Amino acid sequence: MIVVMKQGATSAQIANVAARIEQLGCGVHLSEGEERTIIGIIGNGRPLDREQIERMDGVERTVPILRPFKLASRDFHPQDTVVSINGLVIGGRQIIVMAGPCAVESHDQLLETARAVKSANAHVLRGGAFKPRTSPYSFQGLGEEGLRILAAVREETGLPVVTEVMAPQQVPLVTTYADILQIGARSMQNYALLHAVGEAQRPVLLKRGMMSTVEELLMAAEYILSHGNDRVILCERGIRTFEHYTRNTIDISAVPLLKQLSHLPVVVDPSHGTGKWNLVEPVSRAAVAAGADGLLIEGHPRPEEALSDGAQSLKPARFAELMKGLRPVAEAVGRTL
Amino acid sequence: MIVVMKQGATSAQIANVAARIEQLGCGVHLSEGEERTIIGIIGNGRPLDREQIERMDGVERTVPILRPFKLASRDFHPQDTVVSINGLVIGGRQIIVMAGPCAVESHDQLLETARAVKSANAHVLRGGAFKPRTSPYSFQGLGEEGLRILAAVREETGLPVVTEVMAPQQVPLVTTYADILQIGARSMQNYALLHAVGEAQRPVLLKRGMMSTVEELLMAAEYILSHGNDRVILCERGIRTFEHYTRNTIDISAVPLLKQLSHLPVVVDPSHGTGKWNLVEPVSRAAVAAGADGLLIEGHPRPEEALSDGAQSLKPARFAELMKGLRPVAEAVGRTL
Amino acid sequence: MIVVMKQGATSAQIANVAARIEQLGCGVHLSEGEERTIIGIIGNGRPLDREQIERMDGVERTVPILRPFKLASRDFHPQDTVVSINGLVIGGRQIIVMAGPCAVESHDQLLETARAVKSANAHVLRGGAFKPRTSPYSFQGLGEEGLRILAAVREETGLPVVTEVMAPQQVPLVTTYADILQIGARSMQNYALLHAVGEAQRPVLLKRGMMSTVEELLMAAEYILSHGNDRVILCERGIRTFEHYTRNTIDISAVPLLKQLSHLPVVVDPSHGTGKWNLVEPVSRAAVAAGADGLLIEGHPRPEEALSDGAQSLKPARFAELMKGLRPVAEAVGRTL
Amino acid sequence: MIVVMKQGATSAQIANVAARIEQLGCGVHLSEGEERTIIGIIGNGRPLDREQIERMDGVERTVPILRPFKLASRDFHPQDTVVSINGLVIGGRQIIVMAGPCAVESHDQLLETARAVKSANAHVLRGGAFKPRTSPYSFQGLGEEGLRILAAVREETGLPVVTEVMAPQQVPLVTTYADILQIGARSMQNYALLHAVGEAQRPVLLKRGMMSTVEELLMAAEYILSHGNDRVILCERGIRTFEHYTRNTIDISAVPLLKQLSHLPVVVDPSHGTGKWNLVEPVSRAAVAAGADGLLIEGHPRPEEALSDGAQSLKPARFAELMKGLRPVAEAVGRTL
């Protein structure tokens, strides 16, 4: 960390800041420029409270130098992390596609969807049993019944399942049914939940909050890693901007950026990211071209027939077409599908 | 809700959408313009899934008409809600100031701070026992020990206390110690937590998420209200924007807007909103002038001497000055302090 | 446009609004719901001032229904617009790559750069003679001297050139030298300039403002088109968000969205969009995979040796590699390079 | 500026960067930490190109230390700048209110409005003759005819006038009619225009771009100041965020922040900032309480009767009430109205 003193800071103020830094067990490195004195802090490995220093007289501001994440960083762990689930490998050469309905509605709906997922050569079944909803009046998911359906359909199709967990006390229950625990965008900074999945024996798919920076996403991963779970998959799902033709704005450069900063696998969710079915296909291709390790696709983003006959709703023909169009793009960047 | 059909939508497509809406139990109101057909949906009181309709052939987009919140709306509850705590009234004529340290560190620190709060004529003591921190390596708060200190200092000073609750399972514990339960910005869409405090017997101070809309804040309040707790205090604490000289951007117009849309009291947190002590005083005045019912002020946003001798850290002289400067502004808009 | 009346709006207020709409030459379509009255406005082709209606008593808000752009819309012009420059076609099957230095510095620098651009099989030479700079103390470009160098290098290499025009009075001058006039992001809503290039006899490369919506970009195109110039190329170059690891956030879904809403060609500028050289290659691939018609690449985003020996600075090897890696992606989506 | 080297940067890379910095005429200050080497650059007064350094091998990133504005900074000019116009003082103890219609429509409309402005004790008449409009099909203002009307009404009422100038070539014309030249939000980075008004003999009201940081606003002011015009008035008018209940988000903390960073007067435009008449009054009060030196208020943000009988449209009663309510707030913060 670097402390920038105000123009005209007195030598007493500078000495005071230096003394305080040493009192905190850090080294001091003074650099007096023509207009400003800069104080470099030589750390002792423990995080330092920027605001504590910023309150001191004569200080203009502080500038962090080191990235605050460590276990999640590529500096710390240079080789790619690869997450294996029953023979399936996420973060390797193969692009992994996870698809399925937003919410599990019934066994029939899910089974039919899963068959379409499988026949299109996708790899993982997704589906929500616990649903975070903006309105308390919206359908909140089937709960444990939904988990049982997911497990049953996994038996019948062989597809591993990923499903969201929303609260720390749900972690043991969801762990017994799911292959991958999903942390939703609204939960990315739910620290009690990150702690809980950090102690679970399951890979975690961690979605970027719609209001979170790349650094905060990596800090959320750091929470999970620091509690002992090193199987974390990062997911870019669009951030909130002023643009409103799309629901969110997919941050495509976050994909190569995350791959550079971190060793963890990165997947992209074009369904939530765009909110429009007819953008899912081009954005899926873009994600693969940008270096994503996988995709998370909503089989039917609330299709026309929903609760009644949602099973058709994956629109198998269209999804199969998407998968087909994805293959040459994957190959163009040296990957397989 | 209104459905805008694509230019050139066929009459079969229009009929299909109309049929689907009726199947969902709603009425249909057709309006054929020169370029587009518009279908108005006459609701049946239950929320409708926009995306389900948007997937249908020939649909360009849907436009919501009604506000999705109800219990929180002024339409539903025209008179102001007033929250009473041991004789203190939030949402009335008097501006309520809640002040104290970011984190409870020790009994001595909190007591000395509380005395400064009280002698400056502020009304509520704030202080964190459970702290949400971006880094897993930062101080996470004293936990229950912090709650015990808060309760002890309340005994000694008579100041009611507000403190954050971070997870559903903490609610019963925090409820036994605190007068007001605080939901932090990062938890505003933690639905399990909103549900839990909705069933608690304590007023709730609900902070706006740093990238949540006014509508989402009111929907989060709706969760709490719909679970039976009608004592909700809304808190504007700054939103995330591209501007980086300040930590967040206080959305000052959210204050009168929330007062127009809702009957709930509105307070402002200028400390987190700006992140800079020297902006807290002018923004506090602005908040009161804009119609806020109260303020949440961090006594020492991590002061210089922190854990060692943080008790001085409220800088009582400066806080007292802020309170003194606030009084004429309150009176200028017909309020008291 | 639709007018949503307040709950409890009186019939006199509703009648007033209806009368006002008719007075403006539009038709009225009333729809009385249980909670709100909705007034549909049947337009007469001329734009209507939303705020004028919103000021009326009893009105809650208005909702626009039609897109405000017309000449730029695909509804109006269903087939793709193709821009031809000396045999080169932008918006056809071939991906067009425009590359070169940020600023023209000297004839030698530009010529050497241009040869690298050409030998890597890129198609257009870019380079700034007039430079918009945040600081009045930064290098503002060589001006007309830079334009002369561009023209000379075009003679020597056969590459058409694109360069920025910053003010209406520069348009005639720049037109005499350049093949494509570039409107920079900061000028996207410089209406006097849009008017001027709308009357020029050159294709226009219109960059999206860094905080402009897709709709505002299309409205800026509409200005140019409505002044008679129908050769407009849209350019996504990243928008401003809260994320700060990258300079801007490339809005990748804007590419297919613009192609759906409009008939104009769409190119992407990954250099300004990311601000980091090592993200340019993956984002270039993503842009092509998402359906972009071309790329605008800064040969050396201010390379190490700048004014002294910037000629090497295109790093021809690396650019050639980028071009090479792009070809299979282009082919994977049915395009050529 | 500080250069942060990558972890594991070689000593050859470090030496290279140091050599390059010295070649640019700057001093070097090396600081080797445990994990990173930091290179401090001791400047020579000229701006340095960050990206040029960031391209060098082994460099992770650069961190600017000094603020890039100088003439606009309070460090450079500690006392407040006060702008005088015919005896009126902007930036002194008195709050200055500038009010009037969005667009000048006719002599009668403007005169009636101006009389209402004057009788409510406001100080300056605003009104647009050249109007920047998002749509090429909207009313673009009366042009020079509008300027003549402004000047005539100034004669009749004694109110100085402020009006927007949109292009460099309009500056001489507008200067002959107006007392204050307004630079609109969309023109804040129109550098040719900033240059032109920097050479004009009139005070300039510079509006913050809706997508611009506080630093960029000050850099735009720096352009004007550096061309010799030291009478610049800064205007906060709301920034673009994800929140859409209001048109823009007024950045209230920008007011005290600008007053701390700069010596220039600061006014606030609550009409464009909020887009809603019923938020203008509370936000006006907040602006004054936060330390603004003045307000810019749209007399009738497109009133109901517009072109026909807009003269009534200032709604004199309501504006007078706003002025009346503002006075005690001004006095509460030690100002007059």
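Read from first to last, the chains carry the letters A, B, C and D; within each, the first residue is number 1.
Everything that follows uses one rule, which is that a contact is a pair of C-beta atoms (placed from the backbone, for glycine too) under 8 Å apart; a residue touches a chain by one contact, two chains touch by 3 or more.
For clarity, every value in this text was computed on a predicted model and none was experimentally measured.
Student: So which one's got more C-beta contacts, B-C or A-C?
Tutor: When A-C is set beside B-C, the one with more contacts is A-C.
Student: Would you mind checking which chain's C-alpha centre is most distant from the centre of chain C?
Tutor: Between chain C and the rest, the longest centre separation is with B.
Student: Please compute the C-alpha centroid of chain A, do the same for chain C, then give the distance between them in whole Å.
Tutor: 31
Student: How many angstrom between the C-alpha centroids of chain D and chain C?
Tutor: Chain centroid spacing, chain C to chain D, equals 26 Å.
Student: Per the centroid of Cα atoms for each chain, what is the distance between chain B and chain C, given in Å?
Tutor: Roughly 39 Å, centre to centre.
Student: Find every residue in chain D that makes contact with two or more other chains and list them.
Tutor: 211, 240-242, 244
Student: Give the list of chain A residues in touch with chain B in this complex.
Tutor: Within the complex, chain A contacts chain B at residues 20, 46-47, 49, 51-53, 55-56, 68, 132-138, 166-169, 186-187, 189-193, 210-211, 216, 219, 222-223, 226-227, 240, 275, 277, 300-304, 306.
Student: Can you tell me which positions in chain D touch chain B when the two form their complex?
Tutor: Those in contact with chain B are residues 211, 213-215, 239, 241-246, 249-257, 260-261, 270, 273-274, 276, 278-279, 282-283, 285-291, 325, 328-329, 331-333.
Student: Flag every residue of chain B that touches chain C in the complex, lowest number first.
Tutor: Contacts found on chain B: 2, 4, 7, 29, 31, 33-36, 38, 40, 42-43, 63, 65-66, 75, 211, 240-242, 244.
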